[in-house]
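Working notes, beginning with the structure itself.
Chain nomenclature is as follows: A, B, C, D, E and F, assigned in order of appearance, with residue numbering initiated at 1 for each chain independently.
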C-alpha cells in the first residue's frame, strides 16, 4: 500500500458508491471545507481499506452498529444498507443483522432499523415509483 | 424446527459456552426467577438460532455493536469476544471489527473496545497466569 | 403458570392491545419470520407477564425509560403511552413520568417525550379528526 | 406550596436521605459552587416534589431509567435503588423493574443493572461486613 | 447575586430569547404545571447564569454536546445554534464545533448536526421564504 | 497548508502532548496496525488542525461532549481535561463546562464528569503522591 489513505478511500468508494465524495462535497464543503475528503480518507481509506476482514462482513457490522446506536443515525443506516447490499449482502442477511440487535440495543432499536430496511427494499422493488 | 425456542437456545449455547445457562441461573435466578431461561430462549433460541446468517458473522456483528454502544457493556463485550473467537473469528477479525466502530460510535468507543479485546487475548496468551 | 411464555404473552396483550401480534406480523414477518411471535413471547410472555410488579407501574416505568433513552424510540414511546393509559395510568401520571426524566436523560429528552405525549392525548381528545 | 423549590427539595430529601445535600456540598461545592443546592432544588424541589405521582412509583421509574441508560450511571443507580427501597419498593419490585429494561435498553443494560442491585442488597443483608 | 435563580434565569434569557419562557409555558404548562419556570430557573438561572465561563463559549459547548448526543435532540440543537449565534458565535465557529464531534460521537452524529446547522443558516439567509 | 493531514496532526499534538502518538502506537499498533497514525491524522490533523475555532474552545467543547456522552468515555475525558488545561483552560472553566452538561446529558453524567475532573486536579495538586 504505497498510496495515501485518501487515495485508498477514493479507490474503495469508487467500487460501490462512485459519487459519494462528490455528493458530500457539494452538500457540505462550503460550510465545512474538506469535509468530504476527511470522511473518504478516514472512514474508507483508514478503515474500510484495511486488510483482515472482508468488505461484506464489514458492511453488515456497520448495519448492526447503526441499528444498535439508534437515534438520529437512520439516514446513515439507509446508506449503509445500500452499501452492504452492493457488497453482496442479501436482503435476508441485512434483516437478520438488524433483528439481532434487539438483544443488545433493545426492541425499539431493532424495530426502527427494520423500518429503515423495509423502506430501502421497498424502493428497490419499485424503482419506477421513485 | 419442531423444537421450542428454549430448546434451540440450549442446543446452540452448548456448542460454544456449555455452562452459560447454569452460570447465569446460579447468579441471577434467586432474585429474578427464570432469568437464565429467558436469556437463553430469547437471545439464543429466538435470534442466534435463526437461519440466514452464519454464526461467525453474527458474533462479529455483536462485537461491533457492543463496541459502538460503549457504556457499561464492557463485560458483555468480553464474553462475546470469547464467543466470536470460539465460533472461528480470528484475533485480527475481532480487532478490525472494533476499530471500524470509530467511524460510527466515535474514537473513545473504539479505544475502549480495543482495551477489552487486548485484555481478553492477553489472558488467552498466558493461561497459567489466570 | 403451566402455559408457555408465548401463550402468556398472547393472553396479556389481548387485554389491552388485541391486534398487537397481528399488526406486527403483517408488517414484519415476511422479512423477519417469527418476529411478532418473538416480541410477544419475550417482551410480554417473559417480562410483562412476571409477577412482583403491577402492570400499571410496569407501563409507567417503560414510558420513563423510553423518554430517557430518547433517540429513535419516539414511535415506541407513543405505543407505550397508549398501553400505560389502557392499564389505568392517568394523563397526569404519564406527563409526570416524562418530566421526571429531565433529571436523568436531560432536558431535551424530557421535552421530546412531552411532545410525544401531547400528540397522543391531542388525538385522544379529538377522535373524529383522525 | 408557598415555600420555594429549594425548601421543598430539602424537605423531601430529609425524609429518606437526610445527609444528601451535605454530602454533595462537601464533595463538590469547592469546585462547583452551589452544586448541592442546585441538585436539591431542581431534582427534588422541582420534580420529586411534584404532585400527580406517588414517590414510590417515581423512584421505581428512576431505577428503570438509570438501568436503561446504562453507561456510567451505575453509582447513581445504586443511590436510587437505596431511595426506592427507603420509599417502600420491595427487593422484588426493584429487580422486576431492572429486568424489564432488557426489552428497551437491551440485555447488557439489564444484566448490569441486576449486578448493581445484587451488590446493594448483598450489603443490606450483611451490614456488619461493611 | 441577591436575586433568586428564577430571576437570574429570566434576566439572561431576556437578552437573547425574550419569549422563551412564555413560549414554553403556552406549550407545556397545562400538562406539566411550572415546566417553563423550572427550565428557566434550572438551565438558565442555575447554570448559564454562573460565572467562570463566558456565554459564547457556553453556547458552543452546548451545540457540541447536542451534536454528540445525537438522537432526538435535533430540535434543541437548532434552538441552541440560534442562541449561540445570538451570543456572538459565527457560522464558522458553529460548523467547526459540530464537525469536531465526529471524533467523539461518530461521523453520523456530526453529519446530522451539520444538516441541522445548514437548515438553520439557510433560513437565516432567506428570511422572506419563511 | 501544504503539509499532509498526518503532518499537521503530529505538529499539533507535539505542542501539548508530545508522546501521544508513540504511547498509542506502543499500546495498540501490534493488534491494530496504524491505529496511532490514524488517530493523529484524523482527530488532530483533520479536525483540531482546522481554522475557525481556537484550540482552547475546541478542548472545552470536547470536555463537554465527553461528559454528556457519559458511558465508557471516562478515560478519554481525563486525557482531554489534561489537554484543555494544557491549552489554557482554567480549572474553573473545566468544571463549569462539565456542570453545564447536567441540562443536556442529565445529572448523573454531570456528576460522573465532575468526579473525573476532581480526580485529575487532585493528582495535579499532589504530584509527589503519584
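Simple rule for what comes next: a residue touches a chain if its C-beta (ideal position, glycine included) is under 8 Å from a C-beta of that chain, and two chains touch if they have at least 3 such contacts.
Just so we're clear, the structure is a prediction, and the values are computed from it rather than from any experiment.
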Exercise. If you tally the C-beta contacts, which comes out ahead, A-D or A-E?
Worked result: A-E
For this session: Look at all chain centres (mean of CA atoms) and spot the one farthest from the centre of chain D.
Result: A
Problem set entry | Candidate from D-F, B-C or A-B with the same interface as E-F, over half of contact pairs in common | A-B
Seminar exercise, completed: chain B and chain F have mean C-alpha positions lying a whole-number Å distance apart equal to 30
Exercise. In whole angstrom, how far does the Cα centroid of chain C sit from the Cα centroid of chain F?
Worked result: 40
For this session: Give, as an integer number of Å, the spacing between the C-alpha centres of chain F and chain A.
Result: 28
For this session: Check each residue of chain C and list the ones that touch at least two other chains.
Result: 38, 42-43, 47, 66, 68-73, 76, 95-96, 99, 102-109
Exercise. How is the touch graph of the chains shaped: line, ring, star, complete or other?
Worked result: complete
Exercise. Touching chain C in the complex: which residues of chain D?
Worked result: 42-43, 47-48, 50, 52-53, 57-58, 60-62, 64-69, 73, 76, 90, 92-93, 95-97, 99-105
Problem set entry | Interfacial residue positions of chain A with respect to chain D in the complex | 68, 102-109
Problem set entry | Of all residues in chain A, those that touch chain F in their complex | 4-5, 33-34, 38, 41-42, 46-47
Exercise. In the complex of these two chains, what residues of chain B are touching chain F?
Worked result: 70-72, 74, 91, 95-96, 98-99, 102, 106-109, 111-112, 114, 117-118, 121
For this session: Could you please specify the touching residues of chain F with respect to chain B in the complex?
Result: 27-28, 31-32, 35, 38-39, 42-43, 66, 69-73, 75-76
